[in-house]
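Next come two complexes, and both contain chain A; in the first it sits with chain B, in the second with chain C.
Moving on to the complex of A and B:
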């Protein structure tokens, strides 16, 4: 037993403490809260069973948030994925300044989301550059700017998301492209395969797992959109950009309905976990764990 | 024919790249305008008198120096903490035998997948309970040991040859000495990836610094930027000067450590 108190335990202790204090305890505590009517006015919470969860599904704001979040996921991911794939295929050719292009496409995805959201707030405003560009091209624009109209606010934020995130997925696609054995292409060339045949029968099949991974990763990320909503619209106009995480924040930390907000957070948690488990099932827990 | 195709591709890429970088270029360029402009014609963009006054005003009109200090302090302490703690934990996972090793490592990978929004409410309550709300501790303590850092260090140490460690052990070196004198000097590439990954994540972090602080004095740069805009008029050139200053460290790291950044981000996704 002496072995347990060897330096090993000391080495592991930072993780044990972080795991228990900042991950396990909050997860369990917030699950408990989600079954109570805890608010700041009522600091001695009553256990109310699944009432919060039942209320959620008759709460028009939550249903709107869920709808917007789903629209966001479904409306951005096909575009992001196709753009990333298309550009990765081009950058992967023998073109000059390859690294330069790769770096440039990738830069927005490591820039602060707050900064990006501020820039686009400016570009989308009624005096902004994008509005001006639409005027030049004769495209009608909303009177108060793109972010102040219920029909254009969410699509505008979605467009920004595609712009900011495709570079990251492009990098992932490049990694997958570089892992395709070159002999396959050489063999195909010898037997006279055309460019499209090589693409159709070698490149695409090899990229299928990465495409699935990219769609899953992007889905998990997109379900958690918060910063852009907070900076650009605060969920407005008329809840047209309200997302689930923004709703959790507003219910929990602005209205202090913490029990209710915890239930909301857990519903999203379970939705995301479905995708995470799918990712785990398909791609494993990472090489380290399997052995 | 092939050559023309190549040139067309190249031109196409240049155009797409310009479109990709345009918003960032726009931010830096219009941070030099003397006041917020409303565009009436294309020429307006180029007719502006350019000035650096906004960068000076950022420091004189708002406590931006304090925000910068907060951001640098928090990001540096969290980065150093991760280098130290993730080395300890990663080394234990790579080299030591102990009970529940496998499930404990699974916990690292699982935490890597937990969507952080679930922490908004309970972490807020916990930090309040500890009396850490609106202090540096709230910004630092929860993030000192990142699962990604542990993962990267463990993967790297695991494939290092064991000979040197065993030689040092025979010479009577203690566990700490072996880790810090023998193993870590060989881990510089992994340490660099961890450092840059953690620094960037904390430098850009908004959600938790925002919900765990309240006073202006404790704001980090992203929090300050997000709360900068009033509801009526926004002084865009000044806001963009501040945003530019927030982006500068990212650009510098990006120029020098692109390879490490890419490695860190792809490991996060591919986990291998």
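Moving on to the complex of A and C:
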């Protein structure tokens, strides 16, 4: 009895309560809901086993959403990571206005995503700046505008997302770069190593743990893409930008099919988990720099 | 320990019970959406007036927002904590009316029904569940300068489909960033609102009278879709927000929009030389200038403990003088009372007069619990035709089959 009311638990309780009430309980409850036909206005859900999950994989909209989300992840992460690394290497040098560039690249990360998405909607529109620029340069633009053509809508959002997110990863890379002992480079220089050799045999191995972190974080974030879609296209045109989390929103909060939406969310959860495990394996979790 | 807790609980319950019986006033919970600092005081003043007229009733007002109000209302009904009286947007009136959570108002309103407009969204199974409060509709906005620049007479805005199409064609100059018609494209939950007016105007309907079958592949509906798609070719495809913006910048000749755009133009003291006109008819002597009606509805919770008092509040708020006061504070909407049209406020304003006229030809989607799905199928069909995946006829045929299936499923 005394143990339960120990001060440790008492001091932890605000956090524990938050964890249980707003995180653990909803998590488990939505797992339960994913096996029911719960809709918000029907207070008596029926247990229907894995029916929701079976329906998901014969639902063409969900399959489209899965495809689009995968395209989004595969199409943004390599670019974001490489651009972040490349620019981090540059702003890590002694170049003029170094701090200005660092701050500038980071700026999109601290700007509200909704604001960015609204501004980009204007940029991408048929009477917007980007179309104007393309006209000047003689590049053909889609007839209906970038966000309203089935072939350019998703790539346009991907491009925006790369622009928004690389700054954050750039700062992470910068931190990792500055943690590399300077002596290694000096030693290499004495041995006559070229710039490429230094990059290949010192910088890259030292950046491996950070790369793992960046790719992991970015994978999780990219699979959950929602705000951009919600603000810019609402999944259209013709579902060409429909993503999994947007489908969860539509099914859960517009159609109130909470059971079905929960099942979707859990499918996404498992996909992200599998990807994360794979990435850890590929990059070698916990393995430090090879001696 | 548990016993002590129980005692405390019992005392608390006792107190709670006491406080209720102590005051003889009936407390009504009222949820509403008017948080705008220019409108909220009027709502509160009306409530105060109501309490003075009915000293035995006290009203507690709770504000909701359009962004999360819908979710809150749904959750409240699901958890039995919904208020006595609440305001619903016209998109939601059919949804809740068909869910068996609202009080049947038919016995109370049957005798006064004809004095008000727009009962349809609140009618389900022949019963009335929602009382129309304030109405809004969409009209055709046109840019007078763009019309005269291309040799069109701004005193004669388009009245028929063919005129609108011909004028839009004439004005449209994408290379100069001037567009004929502002068309919604691929915007979920909004696209259908722009297409349906043409369908209704051409004499078609979405569902049969008893909501048992879908009529969306009728000859008239296909004509309407053909026309809408033809129209989008001479204009700017974008979201409503961007279209309104572009119209205010003078880049668009014609756009279908609502009172919010009128208010926005006036608020910004825009030098834009514009006018508003009724929606175009299919032809000079055929069809109607139909439009999409929106607005606010008042509903009563089926489980309210004070149905009489709740009804009193609804009747008070929809009374012409009270409703007019509120509409004037908001700016553009109109009371659901049909005699509001004779009020000076609407007669003297050249824009609002058109809105009033348009209300006579305004429709709203049928009240069915499946509407949210039907809406999706219709939008899918419009998109498929717009993006050349299917012909309009084919797209609407397929939509009909799918909607019929939806209507048959329980």
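Convention: the second predicted complex is superposed on the first by the 265 of 291 C-alpha atoms of A that agree within 3 Å, B and C clash if a C-alpha of one lies under 4 Å from a C-alpha of the other, contacts with A are read in each partner's own complex, and residues count from 1 in each chain.
Just so we're on the same page, a contact is a pair of C-beta atoms (placed from the backbone, for glycine too) under 8 Å apart; a residue touches a chain by one contact, two chains touch by 3 or more.
On a predicted model such as this, the values are computed, not experimentally measured, just so you know.
Peer 1: Could you classify chain B and chain C on chain A, in the superposed arrangement, as clash or fit?
Peer 2: clash
Peer 1: Return first, second, both or neither, reflecting whether A:127 touches chain B, chain C, both chains, or no partner chain.
Peer 2: A:127 contacts both chain B and chain C.
Peer 1: Mind working out whether A:41 is in touch with chain B, chain C, both or neither, as first, second, both or neither?
Peer 2: second
Peer 1: Return the chain, chain B or chain C, that is in touch with more residues of chain A.
Peer 2: Greater contact footprint in residues on chain A: B.
Peer 1: Check whether A:89 is in contact with chain B, with chain C, with both or with neither, and answer first, second, both or neither.
Peer 2: Neither: A:89 stays clear of chain B and chain C.
Peer 1: Check the residue A:150 against both partner chains and state whether it touches chain B (first), chain C (second), both, or neither.
Peer 2: A:150 contacts chain C only, not chain B.
Peer 1: Is A:71 touching the first partner chain B, the second partner chain C, both, or neither of them?
Peer 2: Neither partner.
Peer 1: Please work out whether A:278 is in contact with chain B alone, chain C alone, both, or neither, and reply first, second, both or neither.
Peer 2: Touch status of A:278: no partner.
Peer 1: In the overlay, answer first, second, both or neither for which of chain B and chain C A:253 touches.
Peer 2: Touch partners of A:253: chain B and chain C.
Peer 1: After superposing the two complexes, find the one stretch in chain C that runs into chain B, choosing from 97-105, 115-123, 205-213 or 241-249.
Peer 2: With chain A aligned, chain C clashes with chain B through residues 241-249.
Peer 1: What residues on chain A does chain C touch that chain B touches too?
Peer 2: 121-122, 127, 132, 253.
Peer 1: Going by the contact rule at the top, pick out the chain A residues touching chain B in the complex.
Peer 2: 3-4, 6-12, 14-15, 17-19, 21-23, 25-27, 29-30, 33, 87, 90-91, 93, 95-96, 99, 101, 103-108, 110-123, 127-129, 132, 136, 163, 167-168, 171-172, 175, 213, 217, 220, 223-224, 226-227, 230-231, 244-245, 248-249, 252-253, 258, 261-262, 265-266, 268-269, 272, 276, 279-280, 283, 285-289
Peer 1: Spell out the part of chain B that touches chain A in their complex, as residue ranges.
Peer 2: 6, 9-10, 12-13, 16-17, 20-21, 23-24, 26-27, 30, 36-39, 42, 85, 88-89, 91-92, 96, 98-99, 102, 104-109, 111, 113-126, 141-142, 144-145, 150-151, 154-155, 158, 174-176, 179, 200, 203-204, 206-207, 210-211, 221-222, 225-226, 229, 234, 236, 239-240, 243, 246-247, 250-251, 254, 258, 261-262, 265-266, 269-272
Peer 1: Quick one: in the complex, what on chain A touches chain C?
Peer 2: Per the stated touch rule, the residues are 40-41, 43, 121-122, 125-127, 132, 144-145, 148, 150, 233-238, 253-256.
Peer 1: Quick check: in the complex, which residue numbers of chain C touch chain A?
Peer 2: 71, 74-75, 77-78, 99, 101, 174, 177, 179, 185-189, 236-239, 242, 246, 251, 372-373, 380, 383-384, 386-387, 389
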